[in-house]
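Naming follows writing order (A, B, C, D, E and F), and every chain is counted from residue 1.
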Amino acid sequence: MSDQPMLRNLKEGDAFQGFLLAQEAAYKISAKGSEYLELKLSDASGDLKAFLWDVRAVEGDMEAVRADAFLRVKGSATSYNGRLQLKLDKVRFATDAEVGDLSHFFPVSARPAVAMLAELDALVGSIQDPWIRSLLTALFVEDADLRAAFAQAPAAKAMHHAWLGGLLEHTLSVAGMAERACAHYGQVNRDLVMAGVLLHDLGKTAELSYARSFGYTDAGNLLGHIALEAEWISRAAGCIPDFPEELRLQILHIVLSHHGRLEFGSPVLPKTPEALLVHYLDDLDGKLEAMFRAQGEEGGGAWSPFNRTLDRMVYRTRWPKAGSVQN
Amino acid sequence: MSDQPMLRNLKEGDAFQGFLLAQEAAYKISAKGSEYLELKLSDASGDLKAFLWDVRAVEGDMEAVRADAFLRVKGSATSYNGRLQLKLDKVRFATDAEVGDLSHFFPVSARPAVAMLAELDALVGSIQDPWIRSLLTALFVEDADLRAAFAQAPAAKAMHHAWLGGLLEHTLSVAGMAERACAHYGQVNRDLVMAGVLLHDLGKTAELSYARSFGYTDAGNLLGHIALEAEWISRAAGCIPDFPEELRLQILHIVLSHHGRLEFGSPVLPKTPEALLVHYLDDLDGKLEAMFRAQGEEGGGAWSPFNRTLDRMVYRTRWPKAGSVQN
Amino acid sequence: MSDQPMLRNLKEGDAFQGFLLAQEAAYKISAKGSEYLELKLSDASGDLKAFLWDVRAVEGDMEAVRADAFLRVKGSATSYNGRLQLKLDKVRFATDAEVGDLSHFFPVSARPAVAMLAELDALVGSIQDPWIRSLLTALFVEDADLRAAFAQAPAAKAMHHAWLGGLLEHTLSVAGMAERACAHYGQVNRDLVMAGVLLHDLGKTAELSYARSFGYTDAGNLLGHIALEAEWISRAAGCIPDFPEELRLQILHIVLSHHGRLEFGSPVLPKTPEALLVHYLDDLDGKLEAMFRAQGEEGGGAWSPFNRTLDRMVYRTRWPKAGSVQN
Amino acid sequence: MSDQPMLRNLKEGDAFQGFLLAQEAAYKISAKGSEYLELKLSDASGDLKAFLWDVRAVEGDMEAVRADAFLRVKGSATSYNGRLQLKLDKVRFATDAEVGDLSHFFPVSARPAVAMLAELDALVGSIQDPWIRSLLTALFVEDADLRAAFAQAPAAKAMHHAWLGGLLEHTLSVAGMAERACAHYGQVNRDLVMAGVLLHDLGKTAELSYARSFGYTDAGNLLGHIALEAEWISRAAGCIPDFPEELRLQILHIVLSHHGRLEFGSPVLPKTPEALLVHYLDDLDGKLEAMFRAQGEEGGGAWSPFNRTLDRMVYRTRWPKAGSVQN
Amino acid sequence: MSDQPMLRNLKEGDAFQGFLLAQEAAYKISAKGSEYLELKLSDASGDLKAFLWDVRAVEGDMEAVRADAFLRVKGSATSYNGRLQLKLDKVRFATDAEVGDLSHFFPVSARPAVAMLAELDALVGSIQDPWIRSLLTALFVEDADLRAAFAQAPAAKAMHHAWLGGLLEHTLSVAGMAERACAHYGQVNRDLVMAGVLLHDLGKTAELSYARSFGYTDAGNLLGHIALEAEWISRAAGCIPDFPEELRLQILHIVLSHHGRLEFGSPVLPKTPEALLVHYLDDLDGKLEAMFRAQGEEGGGAWSPFNRTLDRMVYRTRWPKAGSVQN
Amino acid sequence: MSDQPMLRNLKEGDAFQGFLLAQEAAYKISAKGSEYLELKLSDASGDLKAFLWDVRAVEGDMEAVRADAFLRVKGSATSYNGRLQLKLDKVRFATDAEVGDLSHFFPVSARPAVAMLAELDALVGSIQDPWIRSLLTALFVEDADLRAAFAQAPAAKAMHHAWLGGLLEHTLSVAGMAERACAHYGQVNRDLVMAGVLLHDLGKTAELSYARSFGYTDAGNLLGHIALEAEWISRAAGCIPDFPEELRLQILHIVLSHHGRLEFGSPVLPKTPEALLVHYLDDLDGKLEAMFRAQGEEGGGAWSPFNRTLDRMVYRTRWPKAGSVQN
């Protein structure tokens, strides 16, 4: 699959054969009464509208050709009203096994998963408090499925770090900042802060769906990541004999309160210095990432387009300006 | 203990001997430099300031004489600036075993616990869905400690149903109303609604402290009753083999969302008819109870004093007015 | 008129002749400088764009052919860019008398008006308080125009029960629920509650325009339905000799406060149990109806599209799932 | 009565005999078990605590001696903890007829009622539109009770113009400003604006109680002044044959919307220039009066105490400073 | 340039040659791989899409042909899908000198700048306080650049008075109203109010960009007009020997607080009568202008389209209705 | 003065002679008609009520004996209702010169001013950007008065760091944290961040009055510290030849936006990464300090009293608990 062209590089008239992800899929009736299939197909480089005018050319189960399915398609690039489209000759459902590496279809963190997991392990290993280290080890090291999901999930559907690996990348960035903050504010319990940082968004592995287009799972919509990770932490702590109840409360408190305000979905306010610190550093990291991204986006001039995550435009002019001479 | 006089009935000059609950307790220094003990002591009928002018008369551990302790005191009623006080001669810490029935010290539901528990059992028994019935049985019937706490806890520190047994009384009232609502709105799943109603405030047994003056526990302040009961439900469901994940999500969703809005401490909004219904009926029952209580309070005229729970005054004039003739 | 085809059933090439409602109408200038008429025409089954290329084919007063007018049109169905249109040959204004039954053009309640009016009469007849019964009789039984409007109006422009007859359907649903609530909360005055329920949205008969596309009347926009019905109640009470002022105040209070919060358009907060109850049951009924409708809409999967009335998506998966086996 | 001393001028040891208004009144039990009467008595100059130690000295109906009653008392001024009190020997209920001029007991507008009513009449007479003039004449000239109440009521319980005659004083001030604004913004209908100004707070004559301590009536609390005056306007318009419905809507709209925002108790927003103008000028006049009053209050320095009406402190230093020399 | 046709008057087939303002400009790739230039070009009468299919026909620096540039174009009017377009043959960048009077390209105040400046000068001359007059003279009379900008800037990007000269027009309207208000409220310092009015939006000359399409400058987005004018006032006051600090504080306070609430961008609340008055009159003038404009807009019936500035629809029916007979 | 006793150490009967700060001062009339002076006097250890019963014992100007004055008093400690008071024999106004070191009368930072100023100088010296270094040098090094005030002012009246030297202590703490944050987020301009941090609260030196009881100055109440420091920065930048306008805008933007939200008094939102970072670190530092202080306050148990700055109670139990054994 790795040698199929990226959609962004297609030109009118090019033939195309390969795997694509269906963002949208609908069987429609033309004005002449015949059924056709209208798709929006994507890879990591972008997306195109696609049409299969004769639905009898769908191989296999027509119902399997739907949004969020990987499809094997064959066709060619055409132009309509100045926009490139795909005119399809064949379409069939494709299995995950055929498709292979998801990073061909989604934006991916700039940091390799292996390096990030090594950094995670080092952080877990650095914890002095034996109870906290046990808890983190159980969740991040010993639970292989959770560890794999933690390395692959995005940090959000759209707000910040919305790419594969973004959850771990964001978590490690907050952890790095937290390490520095604990050195500065010596009164806080560094191990407790680090536990809070590493756990604060863990539930997003189950809140978000990201094997296809990014979205929310049923559990994500019904419970939210905070309730999900709270449950996991309690369960893991319950499996460690004599895990101190006081510690369990303090860790859960950090996690439950990390959105900082009730109207942002935290059922309690941060009431310990550690909880307060985790809230601020998490919030800061997400907002800064959104701001750096807005500065780096293509197009526009001194000001980014209106940014929904930040609810404002971002000023892109940097000081000192490139090429300015300072004496 | 049951034959000691209620504080409300004391007159100046009466001797008093018996058990009282310390609402406040502080060792203070008089202007002359001697240490004395100042207390606020209560039973179910009210409270009085009390003074022990010679702290050497404290029997046993002085540190045990503090707020929220039951004390055995001996002294007499005196008057100062027109207010009755207790002048104490002896004070000592009392054990729970000595003290006996808490209802001597706290306001108590008008409904007997036995009758309320029978109604609870009948509700659990009325559930048709076997999974839901199993879950409720595990929590309300088989867990004796939880059952006992559920029958004794108040529903709130001050907002509504703030008396011993108030939690169960409120829960059953919502359940009764829910039964009627499910008959009216036939599309909702009655068993699911009933599960949501019975479970929605269960965590208050651990959120509130009520063996002494009503307040919040550490867990209550750090996690809140919603997170507490969510954990218990998941744990109980986990002990029932093959408990359906879909059902667990729907029940947890009702519980997590029952405050109706994020700023009221629900991390998610109600997204099913059952969750919406439980939210409205819970809110309505608490508000109506507060309104009935405001109408019934002594003093004032056509309007209650400003009511903090309702953020308004309540109109007490009833239609038809008592004694009015209608033809 | 009843034998004209519904728009939904038209196919390309079909001829069409009949009455349609103009949702939009505009005389435009083509790029070639000639005037044409562009319309959006509807019946209860849907709407289509329509074009009359030669405006001389308009019979009678051209100015009468405008939005919200019933038109008599003749033409045929054509297709443009895959969408069906009507190419018109003739257009003229139609009188209400020609058009006949409005239910051919608008969504209509599933409950027959006759049955709903009988239920309304039974409710009025069930009132024990003679003053309240007189008042309700004056408004709902003796005022034939108001009674007819009450049976035909929708409950809202778009939020909930937005169909002909929806106002009465919603009112009766709240009344049914109120009957049950009064049985549960014995302290409330059932007759007062029922008066509040039946009257709470009566002003919508003048607030909303629904003989054409649903919208707001001038009076609706300038005064709102609460002020309108308050005026009607006072006027009706004024025609009943010796109507008790205390009762008039209590009924008006329920009506004025039934939106529950100032920011939702109630000039006062509910300050009696009856007013509080009417507010909750009204709000609940509207929200539940919106939720049931969101669950029943076509398309989508486990989640409804974002619902503006509820400001959230609705979860459509029902427990137990259809076809699931429970033992 | 006019020769009784003002409370502010009493000195310890002075005898007192005369009429006073009871702000508070309670029969209490002393620590020794005997009943006494505790009062807070006021005239326009201030208030004092008062005690009648032998309740048998109450003449007539003891129940009539309550808050908001005028009382005839006899006693002497004593001192307790540095505060002056009244020690009473006799107390009885007094009739309004005995008491006479209310202005002895309440703060009163600096403008004489006669002059203000003349200004009101001139304004009504200046209206060109015959319908509007008829309506205002009916309410302000022909309805003698309403006219009298309009001249005597305060404009608010505490926020601004909280003195007898304050309602008319505030109304005329807004009218004067409105006259100027209409000259400036020539597009607005001056007669409509003036009608809105004169009517906007008319309902306060029934919303507020001011024959005793300022407060809210039952109708005021249950309906609010906006609903009250809307009813009166409609009733008065209904008595004028052929009163134009369009005009009635526009006047009612100004009145209903004059608080400017739903959360301030207006059920609709101002949607005409006239309604917008009345809202701004009413709001401005009340806020400016509160600010002038805060600047003029005794005590403090450059800043007023925190002002609840304005939710801020007010800066009292005026430019140019008194005595400053400007060249 | 003055003899080139306005865009609104172009007909299909007309040739066009002249200067236009580029609202948007983008070099695009057609489906066939060739580059073309797509523009949106405007003058004061409206705008049109325009296409240059052969980019080699751009004279001079292609990069200078971008949004907000004045261009010299040659081409003809064509039609596509019923919309008029410009098909261009030649495009080049135009200098400001060539273009001449900006009023050909932007909406302009109905009041001539000369007359408005004369009114401004009269207002400055009417100030009795010598310090205030000096300050206003320095800014409005002696600073020729600022005076010129003040006469040309719009009052807002879109909210109200959004046309060339709108800033001065709005300022003078508020000043006229303020003159009347100071006559009414004799306690306020008229010179201080007038200073506040004239200065309150002065910073908009630097906050807004209006030599091209209206927008915000970098300084406008980063600092806002309030901070800008505060700086200018302080600098100007600093150039007047012995300018009283008390007066500087009071003027700055009016300017800083004139948005009336923190959430509207004022860092402090109005705390003097003068500041309060300027806030209300400024707000009123902007809102009334928006309302008059909404009433006057073409199209629609009794109600304006939803107006974003006012967050509501505006009622257009005027009382008395044109042609209505009043007796 | 340094050998006078601290008020906290006074015992009943002790004589006292020395300087004290008047928190409150009022001439009152006793019930017997004689004038006396009632004071609240303080030093850094606490405050006491004080009475001078014969006002003729005031030496010199009686009017100078008022709140916020330093007084020289002579008298003795007495007891009233169990509270210690000062019974005064002599009182006179004291000059600042007599009083000497303010730290005897106010809470003071734990860090010596000399050390903090050295750290400030090092930070200024560490700036690489020559323009920024010049600006900071002008304000913090060369302006001796501002430097002295910066070292002595508190950071707030009550919220956080409310002690002498608290402003510099808070600023340096934020700077230390900012240094670490810039190391972590390499994309931000460290010099710009550091300028923002050092300048963000500089205006508090003029906003707050702290030579006496902490409060707000007139300028502080009228303009706020943000407007004050913005003015100073612009003035200082104006004195540096060719100071880049772009840089001035970016620094002012950080300062103006550092409260993060309009409703918290920032007229603009942070729109650069540097501004965002300064806002978060400033907010975090103040909140953490308040939390640490709440944990350290005397009295109470596991929970602090309700904390107004944080709008919540703070959990004081630390993990690991003191004395707990961890293996």
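Here is the rule we use: a residue touches a chain if its C-beta (ideal position, glycine included) is under 8 Å from a C-beta of that chain, and two chains touch if they have at least 3 such contacts.
If you're wondering where the values come from, they're calculated on a predicted model, not measured in any experiment.
Participant: Which chains sit in contact with both members of the pair subunit D and subunit E?
Facilitator: Both subunit D and subunit E are touched by C, F, going by the contact rule given at the top.
Participant: Going by more than half of the contact pairs matching by residue number, which of B-F, C-D or D-E reproduces the interface of D-F?
Facilitator: Among B-F, C-D or D-E, the interface that shares over half of its contact pairs with D-F is B-F.
Participant: Of the pairs A-C and E-F, which shows more C-beta pairs in contact?
Facilitator: If we tally the C-beta pairs in contact for A-C and E-F, the bigger total goes to E-F.
Participant: I'd like the Å distance between the centres of subunit B and subunit C, where a centre is the mean of that chain's Cα atoms.
Facilitator: Distance between chain centres, rounded to whole Å: 45 Å.
Participant: Using the touch definition from the top, which residues of subunit E touch two or more other chains?
Facilitator: Subunit E, residues with two or more chain partners: 218, 221-222, 250, 253, 271, 313, 315, 317.
Participant: Under the stated touch criterion, can you name all the chain pairs that qualify?
Facilitator: The set of touching chain pairs is A-B, A-C, A-E, A-F, B-C, B-D, B-F, C-D, C-E, D-E, D-F, E-F.
Participant: Provide the residue numbers of subunit B that touch subunit D in the complex, in ascending order.
Facilitator: Against subunit D, the touching part of subunit B is residues 11-12, 79, 82-84, 302-303, 313, 315, 317.
Participant: Touching residues of subunit D toward subunit B in the complex: what are they?
Facilitator: Result: residues 30-33, 218, 221-222 of subunit D touch subunit B.
Participant: Using the touch rule from the top, collect the residues of subunit C that touch subunit D in their complex.
Facilitator: It is residues 218-219, 221-224, 226-227, 230-231, 234-235, 238, 249-250, 252-253, 256, 262-268, 271 of subunit C that touch subunit D.
Participant: For the complex, give me every residue of subunit B touching subunit C.
Facilitator: These residues of subunit B touch subunit C: 129-131, 173, 176-177, 180-181, 183-185, 187, 189, 192, 244, 246-247, 250, 253, 269, 271-273, 276-277, 280, 283-284, 287-288, 291-292, 295, 311-315, 317-321, 326-327.
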